[in-house]
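Labels for the chains are A, B, C and D, by order of writing; each one numbers its residues from 1.
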Amino acid sequence: MAVRTPDPDPSDSGDELPEFGSDGVSDASNPGWLSEFELAEARRRLPMLYVEAVPVRTDGSGQVTDIGILLRATPLGEMKRTIVSGRVRFGETVRDALFRHLENDLGPMAFPLLPASPAPFTVAEYFPLPGVSAFHDDRQHAVSLAFIVPVTGTCEPRQDALEVTWFSPEEAVSDALAAEMEGGRGALVRQAVAHLGLIR
Amino acid sequence: MAVRTPDPDPSDSGDELPEFGSDGVSDASNPGWLSEFELAEARRRLPMLYVEAVPVRTDGSGQVTDIGILLRATPLGEMKRTIVSGRVRFGETVRDALFRHLENDLGPMAFPLLPASPAPFTVAEYFPLPGVSAFHDDRQHAVSLAFIVPVTGTCEPRQDALEVTWFSPEEAVSDALAAEMEGGRGALVRQAVAHLGLIR
Amino acid sequence: MAVRTPDPDPSDSGDELPEFGSDGVSDASNPGWLSEFELAEARRRLPMLYVEAVPVRTDGSGQVTDIGILLRATPLGEMKRTIVSGRVRFGETVRDALFRHLENDLGPMAFPLLPASPAPFTVAEYFPLPGVSAFHDDRQHAVSLAFIVPVTGTCEPRQDALEVTWFSPEEAVSDALAAEMEGGRGALVRQAVAHLGLIR
Amino acid sequence: MAVRTPDPDPSDSGDELPEFGSDGVSDASNPGWLSEFELAEARRRLPMLYVEAVPVRTDGSGQVTDIGILLRATPLGEMKRTIVSGRVRFGETVRDALFRHLENDLGPMAFPLLPASPAPFTVAEYFPLPGVSAFHDDRQHAVSLAFIVPVTGTCEPRQDALEVTWFSPEEAVSDALAAEMEGGRGALVRQAVAHLGLIR
């Protein structure tokens, strides 16, 4: 079974952020926009820079109580679990990319608290060939800066993410959940829970 | 001039948290409470575990805009600048100690966002003998877990902290400010600003 | 069954590092040395500062290939697994304490590569009452700065540590190994493996 | 004055690693190789993934004593200071890229000790437009994972890096040195020294 990442940047095909020209060529007015053809070509030649976020709920003392996992329908209609994930665009800061993808995947009322420091808690490397690392994406070589992001509001996923499910840290690291996750991201969730000091 | 840390645990002498018995002996009902004499003895024999916090303000994207520095009167009436700092008690979690000292030093309406992860951004070692490390406390050997803590509310210092002053990251790392800070904590503020990616 | 930490500072009772006076009182020439009675008293009143190290082997590119676990006989003759662990003394830097305990537990030919940065990968909190955190020590409240330390030489444990066993990262996070580890340190090993990006 | 990064991947034009076809078109046998034209195009459209390393010398206890800074001649014959820096190739792990650039810039006898963990100590973002961040590269948008790497052997820079100069941590954070460094990397060196706990 081909395990694919979610569409890397769901908003790219949205109206408000038309990175892809409808005619398959890049918009001449912005060299940072790529046609679908050009992006597909670049994916065969260069590592793509991604950001990923594990959404969490915290109690009043900052202790994490719940881990948020997205449920998403793949293009083939299969249901897969994943985390917030997407590409960094040309000219965009990592912080802005992280904010944009959090809003895309969790909705405008999630009120995420982005990290103050630029250092990710880990770096995940996705290769098209399975087995090179814990992570796999048959479409591209992607390198992802992974962050843990408390959210304080209400999550209403947009686009192809259907819902956010909240799990206890114990449930989040279970084999059952890991088996449902796309591209090996169960390992990323476990790393996040371990980083929080909540693995036993 | 003797540079001293602030009283390590201002609340210890407060009514609501009577760690020190008024008669100078420990409260028999709680072996974790120390008399002033016993605490003074322990300070000559054991490293004391501290937590410290650099309070920060952030913008909507989590980017730090301001660094909070406390102004405090020393027992000798001298004005010194410092950060949130205090001892971890017997049986108390690091998270609870951090929360308690933030509330003591910034007031109950500061609404600090404590870090989700237990790992400090750095560890500061204070020695009674100057020059062993960047940090100095002529009263004790203290080892401090240092955190960066966004605060979202209003700071109203209690007890001996007189006020919180907000500085830009550039001002916070200036030589002038560092010279006013207790025990070498100017170095700790610089490490915090560097950790935030805001040093130039 | 009482789960105990290893003796926190095996060298303290050794000939070469006589922290405890043989007569049970502290050595007047060094106020940082504690009698056994005084140390026992302090343990009932103050959190003890510890350092811990997960020894690892790496390949030529720095990738961790093996995790080192100590086998130790408890005072009751029970065999338990643990990691390098010990107390920070008065006046001692964290780095020196880490080096001292690595040498005590792995021998003088282990050639450990101590971390360049003072920040631990995590902080483990041991409480006398089980269940407060993942970690437990029925003798004391200890707060431990945990580091991952590559060793390049030959490990020959001294004193009560009987041997070092090298496990693959997969084996090191197994439930079977975690069940054999003292004081909940299986969780600490899992956090270390996760920090290394090697958990799946 | 245009401040440019060093050629991002000096080895790309070397004989042993012919990423660029001599005729300006990509090698059909490896779609991950880019022609110079294609790479130039990609640089106008996508953020480039980089790794950077601050080489350090340590003493026997792992404490950093010296910071290594490269001296390099720009294509215009200007002398600039920099650190180890280069692009991650398609299909290459971050660890392999880091190792390759360390060898390129420090020579085969440097014997670097690569970090065990995949998390960088910071992420540096280089934008073609100055002022967006502390870092600037007029040729591209590059996002760099920055590591601190102890080297134990002899550094003999190859290619366009002329020499490695070792500075004390105090010298390494001086304004004079920062002014000589390419693309704002003085800030990156300061962040590294701060991360090591060596800034005062």
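Definition applied: contacts are C-beta pairs under 8 Å (C-beta built on N, C-alpha and C of every residue); 3 or more make two chains touch, one makes a residue touch a chain.
This structure is a prediction, so every number in the text was calculated from the model and none was measured.
The rotation that brings the Cα trace of subunit B onto that of subunit C spans 180°, given to the nearest 5. Within the list B-C, A-B or B-D, A-C finds its counterpart interface, over half of the contact pairs alike by residue number, in B-D. The centroid of the Cα atoms in subunit A and the matching centroid in subunit D are 28 Å apart.
Inter-chain centre distance (subunit C to subunit D, centres taken as mean C-alpha positions): 37 Å. Residue positions 117-119, 121-123, 195, 197 of subunit C are each in touch with at least two other chains. Residue ranges of subunit D in contact with subunit C, taken from their complex: 56, 58, 61-64, 95-96, 99, 113-119, 121, 148, 150, 195-197.
The part of subunit C that touches subunit A in the complex is made up of residues 122-124, 134, 184, 186-187, 190-191, 193-195, 197, 199-200. Subunit D makes touch with subunit A in their complex at residues 26, 31-34, 38, 42, 44-49, 88-94, 117-123, 125, 127, 132-133, 141, 143, 145.
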